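Presented below is the structure to which this report refers.
As written, the chain order gives the labels A, B, C, D, E and F, with residue 1 at the start of each chain.
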Amino acid sequence: MSTAQRMIEVIARNADYAAAIDAGKLTQWVEMFTQDGLYLAQPRENADRGLPLATIRCEGRGMLADRVHAIEKTMVFAPRYVRHLISAPQVFNISATEIHCVSNFLVTQTLTMQPTQIMACGEYRDRWQIAENGAHLLAVRIAVFDSELVPNSLIYPL
Amino acid sequence: MNSPIHWAPRPDASHKIPNAIYSDPETFNREMTRIFYGPHWCYVGLECEIPNAGDFKTTHIGERPVVVVRNHDGKVHVVENRCAHKGVKFCQTPHGNTQFFRCPYHQWNYRLDGTLRGVPFRQGVNGQGGMPPEFKMEEHGLNALTVTVHNGVIFACFDHAVAPFSDYLGGLMKGYFERTFDGRKLKLLGYNRQRISGNWKLMQENIKDPYHASLLHVFFITFGLFRADQKSAIEMDERGRHAVLVSRRNSGGDNAEVTKDAGSFKEGLKLADPRIMDVVHEPWWGEPTVVMQTIFPSVILQQQINSLSTRQIIPVGPDAFDFVWTHFGFEDDSEEMTTRRLRQANLFGPAGYVSGDDGEVIEFSQQGTSAYPDGECTVALDGYGTHNTQHMVTETAIRAMYNYWREVMQ
Amino acid sequence: MNSPIHWAPRPDASHKIPNAIYSDPETFNREMTRIFYGPHWCYVGLECEIPNAGDFKTTHIGERPVVVVRNHDGKVHVVENRCAHKGVKFCQTPHGNTQFFRCPYHQWNYRLDGTLRGVPFRQGVNGQGGMPPEFKMEEHGLNALTVTVHNGVIFACFDHAVAPFSDYLGGLMKGYFERTFDGRKLKLLGYNRQRISGNWKLMQENIKDPYHASLLHVFFITFGLFRADQKSAIEMDERGRHAVLVSRRNSGGDNAEVTKDAGSFKEGLKLADPRIMDVVHEPWWGEPTVVMQTIFPSVILQQQINSLSTRQIIPVGPDAFDFVWTHFGFEDDSEEMTTRRLRQANLFGPAGYVSGDDGEVIEFSQQGTSAYPDGECTVALDGYGTHNTQHMVTETAIRAMYNYWREVMQ
Amino acid sequence: MSTAQRMIEVIARNADYAAAIDAGKLTQWVEMFTQDGLYLAQPRENADRGLPLATIRCEGRGMLADRVHAIEKTMVFAPRYVRHLISAPQVFNISATEIHCVSNFLVTQTLTMQPTQIMACGEYRDRWQIAENGAHLLAVRIAVFDSELVPNSLIYPL
Amino acid sequence: MNSPIHWAPRPDASHKIPNAIYSDPETFNREMTRIFYGPHWCYVGLECEIPNAGDFKTTHIGERPVVVVRNHDGKVHVVENRCAHKGVKFCQTPHGNTQFFRCPYHQWNYRLDGTLRGVPFRQGVNGQGGMPPEFKMEEHGLNALTVTVHNGVIFACFDHAVAPFSDYLGGLMKGYFERTFDGRKLKLLGYNRQRISGNWKLMQENIKDPYHASLLHVFFITFGLFRADQKSAIEMDERGRHAVLVSRRNSGGDNAEVTKDAGSFKEGLKLADPRIMDVVHEPWWGEPTVVMQTIFPSVILQQQINSLSTRQIIPVGPDAFDFVWTHFGFEDDSEEMTTRRLRQANLFGPAGYVSGDDGEVIEFSQQGTSAYPDGECTVALDGYGTHNTQHMVTETAIRAMYNYWREVMQ
Amino acid sequence: MSTAQRMIEVIARNADYAAAIDAGKLTQWVEMFTQDGLYLAQPRENADRGLPLATIRCEGRGMLADRVHAIEKTMVFAPRYVRHLISAPQVFNISATEIHCVSNFLVTQTLTMQPTQIMACGEYRDRWQIAENGAHLLAVRIAVFDSELVPNSLIYPL
């Protein structure tokens, strides 16, 4: 497959990714990762300075599922809508089994009866794994966010 | 000039907090002057953030920007981030390393201790202009704060007459402080920052309030990190400003007496990946598995199982504060321990399984109290006193803080 | 403490509105206290929004959050959305169904009438802590407002000494109120919400002002929904607080006398799809095709041809208000009638062919009056009195409202 | 055509859609719908609760054209720029004649000499009809917006 | 009513600016009343922006919106953008052409000189309603300001007793004014607008401060547009309100004496494309290559090499101002000269190689001074006087402005 | 190449464009233009009224490089992150050697320890040149921005 085709594939998968979170179908979000896929939401200053702390750290589907469980069952927060806008990726490396790429994202948040605000923007640093059946799963997604000063809580994944 | 909210210092009113103290602008202004800029040590950072000569970071005390810097001789200084010439907040980068500070506007430059080093064209150019002869370099430095560094933690104060840090803490609190900060080298793991739409005191209350921990935080309850029946204590300094919440983790699971009241308890909750709670007891803990210490007015020192952080409170007007988390470990941590701390960090910060709840309810408190400024809050749990306790069903430390607050704000 | 704007109650000044009443913060604060939180019935919703026991919705009266809830016995209660413990705005969901209210912070819980139902660990744990013995559950409930439900419309008041709703409306206004709300079951069609950057009184003025309807709204003029020459009336209650604008739709088209003055009239405007104006006369209308009723201070009741809504005014500081539209029909509406109401809704709300204009000019008013706070507005159309009229070339109802306002605000 | 090709087609048409509105060429906006194409701008709370009210309801090109006529000739409002950012769609169903898909949108608004603000964000729930000549027209576009608290007026279509 | 900041008019304090004057709301309010709305000519635009009868543009004086319009007879009027009826900011378009103004709300309409032209239904409809007989059209026009047009530049004033513009400028300043604006026709090139988060006075100070130009702006220093050793002068009107900074460009390159102090000097900087500095001396310049004139309180007139602009200051509360750049050339400019002006515009505006710096340091000043309102700034360069100078190592014009300011604000 | 393929190519190049600026690799930004490529950042009111003034005007790689040099070495400004979201282009004309197209953009700005804000939105009016080796370079990019009231400074290119 050409780089352009890979880019198109990632664009499509990112549409799925956004839809899963924005519609609150968080189990679908988990299923977009490989079994031991890594998801980090990390403030840009930590990423830039080589500090390892992430705001959300999920190492594999177990931790991803625990995050979903917490969001859905245990965490206390004001109801809100989130909305992801994800740009087309810049594709770096492709092989038969992997895509390395970076996309920009913007996530808005709308609290009940309040104006919409910018929740965060930043970039996804991705490694997608391509299965034999053609499925694309995230082996790594590091959501490095510029918006280091989080507007109170970060509930839904970036 | 409008006046701050009046909260009568009658003993019988000590458990009734007037809602307006969370939103009244004049009260806030007085708090800044008397508390944050008065004789109270405010947290500004950790030594491990500025390990080398010339390293600096910027932060705020109250609403005032300051720079924390390590001088060439290794000494830590805290100076106002405000040029002596025309008030420019000269240092705009959050951290870095420099030989001296240079204000961009007219390049007045300062040594790292804040003394004035150079004024361009001070003698004029071609014999014309320049500063008048009576201009004294030593009178135009950056205002330098009093600084104390205690086992790697840096505090500063605008009031040079502040009591020594050890006295400020008191012996009991100092002991807890030195439990974590015993002089070992710290390892910086990273930051989390949030702007919480609530008055800064609500954050202090939150940590001085063991009652909520066993009710609000389902995650805590279920995994036994906090439960109303566990062995625990609230201890304070003599003036009631600082406090620790000390607790020993239960083994988890159900306990009819304390979970029947906690409507939020979710039975049967299991982690799909238990590594997040792979707690390893560190020798220096002693018996407690959790020690949360509030140092009035500006910081919370967290040891919760293997997760360590300082949480700085930076007020932004009466209705909000920035909450800065600095996570750290120790220099001799194994890689496994570092990973453990990073995993457990999922419980804290703006997305924390536990701390996420706190930021949210603080915002809800601000919404309710600011909309009903004539109302009051009731903090009568465990009576009206301000004694230390050996249990968690108490609001004693909140009352103690406000007793001190009323004294200062009078 | 600064003082509110002074508007001399001289009769010769009643048609001169000081601009500052639209932006002065102290005036706004007094308005909240004396008007929205004083002895005036404020709209909070429709019964059809909470049809079943346990159904609730959240809303605001003035700037105060409240919850409107139907109790197990079917009775409607309105309680402050503010926990009696520490002020938390406990109910964060806009609507739902519940058995009781539980505050997330410490899980104090309340029955649907606001009485306190439970306080966790009230008796302490293992004999330690808990609330003091003199703590009385009945003294720590949610503050409950006085409520009236009139033919499906819910009003509430913080002041329990408020006059009964029928007296508050007065007989004339009550008649108009019951023209739409005669006890029939309503069918909820949906909401529109806007934040309009203007003082809340500008919205009341707008609806009490028939003059603008025939000039601003090109859509109205052209299709004859409002035209200066049509049969119409302005009627008020005795104190001048509430008003109706009653009108009968013309057949449309040109009429030299009244369109020459209306420079905005666009001749020859035709709808490409006339279904939006497929008006069907409903038997209960009687002669009028439009009845717009202002209930001071918080709501407008709209019947404009087949479109029905309540429009709630929620002040957000002196410079803005939230405007909440609740569209409804009747339970026995045919599907065609529902579709008709939904199509005609294109005229209303934030994108309304007609109401879009109102939101915009209100913002323009705020811009002009707040930039020139020392200026005044002139409302001398039809003289200086506050009489009912049988025509639309009048500002009588605006003057009447402000006569009452000055009395209250004195 | 493959799903990817359908997605690309919709991306291109959404670029046209955005350009038509943002440049004020509203007649082109009308022409992107089928003769009886349905356009709704609906607050998310109504959509989520099954309440039928929409803020804008246009049933077919006639009503769409009336909306344009009102914007251009009869409605009174402060001048403003709007700007649409539309994400790639998540494509659900495709047939030879139809595409069902959902895209996220963000619309900004800039009032004269004022800072740019977020006007609304949300999702387009679309049914595109594919004509024999390959043209893609909107049979249904429901713009469900998170930004229920509209910043005063909603003048231009989402 | 709170009071403005007090700045003692002691001569020995004239070089100490209290920080609070940059952020105190009451000081700001008094500035608006006494300065922007008082007897001071405020810039509103250029004639070339409204060349034809009926052309108008909107702008602000202080925080008040106004319309600048050319009447059918060619005369320029400035009227409040606020309807005499109910305060609507009737003109919402930034520029256009019209026969008359029509307020959208009730279509009161006004001639271009502001007089009331029509009131719909003034006589009522069918003999009912309308304005009372004593309503006089001539008493309900738009408030019109005093206007002066001086060689193509338009100024207006709310106070009709203001001194004539020539006297307001004074002879010396008028000479500089007429150096650029000698009656030639101007050609409009376009606008830049920025909102700078700083007090409006900081912008005036910035241009009255030649000291910074040779230190802050690396671009300037390196290319010799400003350097502390170049031939230059600061001149003022007699009251110290207005000033010019006059300077002659050096040939560039290093000069040990003046660049050693300027730590920001970057040796060896070369343009990859020198066209941006392809300066052509225009005959009307005379010797100076740069003349920057501040007209108190609202505008800066820029001639910097071939780049010409007016820079209007529109305060937006104490903490911000809008800065509107109108770039222009002359009607007889060659195409090459127009291109040159457009290229040199890279130095100015919000992205300017030079002016970008100014916007940023002004924001830094606001940050520092507002966080430390009890502090002061020191402006003692070149002593304490307010004399004209023949060099750039001075803050004389800043002191002069504040001497006048203190007189007015007393 | 088809219009769709051209669109995809521009989408990919715009991902490069965004990444170059957002990561501070401004030299890569310069290299996306032809030797005498024109870059303007122009307020929409100037563009709409036919006024020639631009806020940034770079005529060719020399001026582009000078702009980069100024940003990196001489201009004084508070540190900030910027983030570009660029929509898919509306492609007008294509030939073997050129693409004329317009894309919408949104640029956010995050000042140190401050909330993220909208810096600017607007549209890119582009002419891309296609070299023989298939490389796409910008012969013209006019960034017309709606956000005429710039939040203080415009440092990084739109």
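Structural remarks
One rule holds for everything that comes next: a residue touches a chain if its C-beta (ideal position, glycine included) is under 8 Å from a C-beta of that chain, and two chains touch if they have at least 3 such contacts.
Note that the structure is a prediction, hence the values are computed from the model and not measured.
Considering the contact criterion stated above, the chains in touch with chain D and with chain F alike are A, E. Any chain bridging chain D and chain E, meaning touching each of them, is among C, F; the list is complete. Among the remaining chains, C is positioned farthest from chain F, on the basis of C-alpha centroids. To find the repeat of C-D among B-F, D-E or E-F, check which pair has over half of the same contact pairs by residue number; it is E-F. Farthest from chain B, judged by the mean position of CA atoms in each chain, is D.
Separating the CA-averaged centres of chain A and chain B is a span of 31 Å.
Here the spacing of chain A and chain C, counted between their Cα centres, is 43 Å. Between the CA-based centres of chain A and chain E the separation comes to 48 Å, rounded to the whole angstrom.
Multi-chain contact residues of chain D (touching two or more other chains): 8, 76, 78, 85, 88, 106, 113, 115, 118, 148-149, 151.
Those residues of chain B in touch with two or more other chains are numbered 2, 92, 94, 104, 193, 195, 216, 322, 357, 360-361, 364.
Every pair of chains meeting the touch criterion is listed here: A-B, A-C, A-D, A-F, B-C, B-E, B-F, C-D, C-E, D-E, D-F, E-F.
The part of chain D that touches chain A in the complex is made up of residues 3-4, 7-8, 44, 85, 87-91, 102-104, 106, 118, 120-123, 146-149, 151.
Put simply, chain E touches chain F in their complex at residues 94-95, 188-197, 216, 218-219, 222, 266, 269, 271-273, 275-276, 322, 327, 338, 342-343, 345-346, 349-351, 353, 356-357, 359-361, 363-364. On the side of chain E, the complex with chain C involves touching residues 1-2, 63-65, 80-90, 92, 102, 104-107, 109, 118, 120-121, 124-126, 128-132, 135, 140. Those residues of chain B that touch chain F in the shared complex are 92-94, 104, 193, 195, 322.
Residue ranges of chain A in contact with chain B, taken from their complex: 41, 43, 45-46, 49, 51-63, 65-67, 69-70, 73-78, 148-155.
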